[in-house]
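Chain nomenclature is as follows: A, B, C and D, assigned in order of appearance, with residue numbering initiated at 1 for each chain independently.
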């Protein structure tokens, strides 16, 4: 069985085969024989060449979160969106026009108005979460096209607070 | 919704109704309004008249195991078998003819042979589990009809080790 | 002793106080906001009262509602935890008026130590060394500018009403003063319901050393030694320990005596903390009194064997201190790491959401004061502290090793935390050497990113994701059962019959 | 210091030792039988070696296989835990021959203290008071009868090779002696691989008081105070505490000195325990040396601050003891309760099977040394100990309260345990008074049954069963998701493609 995942922004292939109650894990040229035991929904015990690994994992809509020996890994399924980032510079410049909150929180202040010119690093808004205020700055020079949030609104990192346009 | 359960060997009825996001629990004449929150697969938080209860529960094939404030409860679904015990004395005398292990374990010794007469309290066999030896005694006078286990066998409490018959 | 106590807080500290009450046979009444119905403190408590909407101002900070909850449930006392109303003199006064015992200092002492300016004046008068800072009126913004001139830059903007780094700003030049004041006031208002701020001299590279103090209602005062809390980020403590590597016996005794004097001068009772800055030359300056149970109180509990929450309750109930200064002892070494819901890779911004999985560290000498569980939601409304990991060992070196192992054993999946950062921090050679000054993080971790992950573990992670997919496939997309699981706990028991028939 | 240690054990003690190794940066190699692939100690270890079939004789007791595992993995030392090979002098000798460090006493001392008869003789010769008992040859059954006559009934049958109540029988009259000997021999054989037993005078209503001792390889010996372990059922310890309420400072010092002397007379090194019986008149008799880490060692760790496993490893690595008798201190009070897989309502018979759910108790002063987890299987092959709950508090009264709360917080569903029994025991007025003699359970709980359950909780239990049924119905018989759960962690990620294509 072959699988494809995105890890650390790169595509990786894994293949699993079952042989005599053990799994053969193949990654590129590397191949290991592992004794795998599901301990619970979120825990796998894995014996590999005498070494014992305890893997903790859980998935949400976006990714699988994995912890091994204290290290954290985030693995996604390849999708149209994640493959998009291969587009490179253009995409990231485009992204800079959509001002989003860095984390879920509450809008405290909007410093700009529609049609207002903004310079690079100008503070556009303040969002608060868990009693911490965070300033949201513009990463380019441009003009405010549209403001989609008002002080007091609860916002998600997916929501666009302010649309900018280059002049 | 009405439910029937066996608790402490007796039949009990419970009924649940949902009303304005709360549950009405009715047991006989008693009726409570409860705020119920499933915390996880095995934990329920229940607010009832201002009191907070944390219920832990898990089910296996036989019963649901429940812990509330450190007290343990075992609840079964009514079935033909469980209703049988209402038969009383006859059933328990019949049971005495089927000698079972008191717990899962390993047969260490069988002291009797088929056709052998046994008296009340005679040791019939020894079963060991977790390094503890336990003698299995006859609770009546009779004769060994059949022996179904041999030293070294792993046995379950459901298995009949020795069939007795009354003379 | 009290029969019933209301705990006016949430999260790990509410759980900690609830447990203490229950050990004493006292009924513990929790309060909860709309965001907290499924929170751990509600499950742990004997009773729970709904107190309002999710924003703290409408629930945990709402004095009327909290007082009413205590009265309705017949609570004789309120434990405020830390944060929220813990250092709100108005709330303490209200408790006094309503005949409810506030488990903390009296309102007069609270008002004095809560007003950083008045308390600094009082201490100066009593001959206690303080950091140069402003003494004047707070209304006129222009006065701050002239005060800053007198003190000399860099200066620090601090909230008059609270601690914990909320509202703090360092200002190096006049041009930055006004925005810093504004931001500080806003944060102070949000955190403490009071926007007054003041300025003081910013001492560079000091250590933050504080003394835990207990004072009963009969004038007996003891200190339970120091905690060093120099490891801070954005003026927020992250790692605390006791003893401080910077203190010799003489200096400890001297500072402890001053701490007790501060408490006596303030007319303070119950548990409190006297904060000092210790400079390079081992000169120490009184900073302020934290009029509450500190987040880092377990460090003191582990080195002294004194249960501070128990002491708080007993003092509030009118008991005399059962020990004297001479009988107290500092044994071994304790370290605390605060586990925050924050993303070190995203500028340490808060990380809220669902905790998909939690594994709590445990073992000899490991204590985990925890407010979360597998499956819980971490709301955006409150402090990002999820849990505290505290270890004790015979000496500092062993405590560090124990902490590193416990941090590796602590797994939080679903939201981001600072655990990996803490591991790097405790494992840093400068930390091991005890070179802990308040600029430690700035200096040693100017731009932290997670350690390089071993390539073999990355491969195992990919394999795990594949097992996971494979499992889902086998299970047809539903919850997977372990291969060994023969029966599902959810398929059995309780047939229902419609219409109420038997 | 060692780089790699093999832990020749399973369950909670293996987990405890593995953690100690990892804190020290030592690679911990576990061993596991066929029944233990999914056990906690395998998950906790850095390496794991399969050592054979489920019965202990074919795996954990198989000297050849264990030695081979150590050699194959390059382990420089073996920690035996308790039970299994921990007190097997043949195994210790084998380690010595193979050049593997056995973390425990040398084989000569092990052989001496392991032979209860020879060790009793040695102690008698050294002027240490022992319990009257047989000294002669063990082969001829008739000799036991005449020895019993000399000693005087009641007598006790005890296994020469081990402790823990295995193989023990009290005999009140001659007629019962032969069956008791047979049963004792069988149990001794099964537990220790050696069926030799001996007789000694049975002292009624004594206290069991033991001293923890450490001896390095340079002749330095210290005791770390006593543990009282009088609360026993079927000669199996259930509750242990320190300090003992029966000891005054003078008696403690006297017994401690005798304990150290016993160790020195035996040529013993590493950690060991010297057991005494203390009679009503506070006379004490040497019983035996337990040549291993005891189940109840955490009690000593909590009152002394000494990590015994760490000390064992350091002593075995050739380090000198870092402290002297004068520097040691007994602080506060610690109590341990052993959580057994047994059914108190079914004559305390073992209860094996699947742990459907486990909630571990936690909190200040609470330590839980645990070998199980939610979903694990408890096999029939090994000791029924699941976990140990240990609490520390400032004094005995507070420790009892803390223990009661922690026991109520400890939830094990799926198999039966003695938790409810322990709650009744710790809460018993005679226990609180410290009237703890070895017949405590016989006297105060001759026929225990669970406490009457509050009627309202019974009603809630029924309601819970109904919720559970309702949930199953909603979920169509599959695993239920909480109402708040929007997505299943099992439905996402990793599409597979057949044939290896991208």
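Heads up, the rule we're going with is that a contact is a pair of C-beta atoms (placed from the backbone, for glycine too) under 8 Å apart; a residue touches a chain by one contact, two chains touch by 3 or more.
Treat the numbers as computed from the prediction; the structure is a model and nothing was measured.
Visitor: Treat touching chains as neighbours: how many steps, at the fewest, connect chain B to chain D?
Guide: So the least number of steps between the two chains is 1.
Visitor: Name whichever of B-C and A-C has more C-beta pairs touching across its two chains.
Guide: When the contacts at A-C and B-C are counted, A-C has more.
Visitor: Centroid from C-alpha atoms only, then distance chain A to chain C, rounded to Å. What do you get?
Guide: 29
Visitor: So the centre of each chain is just the mean of its C-alpha atoms; given that, what is the distance between chain C and chain D in Å?
Guide: 37
Visitor: Starting from the mean Cα coordinates of chain B and chain C, work out the distance between those two points in Å.
Guide: Those two chain centres are 48 Å apart.
Visitor: Starting from the mean Cα coordinates of chain A and chain B, work out the distance between those two points in Å.
Guide: 50
Visitor: Using the touch definition from the top, which residues of chain A touch two or more other chains?
Guide: Within chain A, residues 1, 3, 5, 15, 39-41, 58-60, 64, 75 contact more than one other chain.
Visitor: Among all residues of chain D, which ones touch two or more of the remaining chains?
Guide: Within chain D, residues 38, 356, 374-375, 465-466, 468-471, 479-480, 482, 489-490, 492-496 contact more than one other chain.
Visitor: Taking the touch rule as given, give the residues of chain C at its contact with chain A in the complex, in rising order.
Guide: 166, 183, 186-187, 190-191, 341, 343, 346-347, 349-354, 356-357, 359, 374, 380-384, 407-409, 411, 413-414, 419-420, 423, 450-451, 453-454, 457-471, 479-480, 482-484
Visitor: Quick one: which bits of chain C touch chain B in the complex? Just the residue numbers, please.
Guide: It is residues 30, 37-38, 42-49, 73, 373-376, 487, 489-490, 492-502 of chain C that touch chain B.
Visitor: For the complex, which residues does chain B have touching chain D?
Guide: Within the complex, chain B touches chain D at residues 1, 3, 5, 7-8, 12, 14-16, 23, 25, 27, 30, 32, 34, 36, 38-42, 44, 46, 48, 53, 55-60, 64-73, 75, 102-106, 108, 128-134, 154.
Visitor: Looking at the complex, which residues from chain A come into contact with chain D?
Guide: Answer in residue numbers: 1-5, 13, 15, 35, 37, 39-41, 43, 45, 47, 50-52, 54, 58-61, 63-64, 75-77.
Visitor: Sort out for me which residues of chain D touch chain C in the complex.
Guide: It is residues 16, 19-20, 22-25, 38, 298, 301, 305-307, 309-310, 331-332, 356, 360, 362-365, 367-370, 375, 377, 392-394, 398, 401-402, 405, 465-466, 468-473, 475, 477-482, 484-485, 488-496 of chain D that touch chain C.
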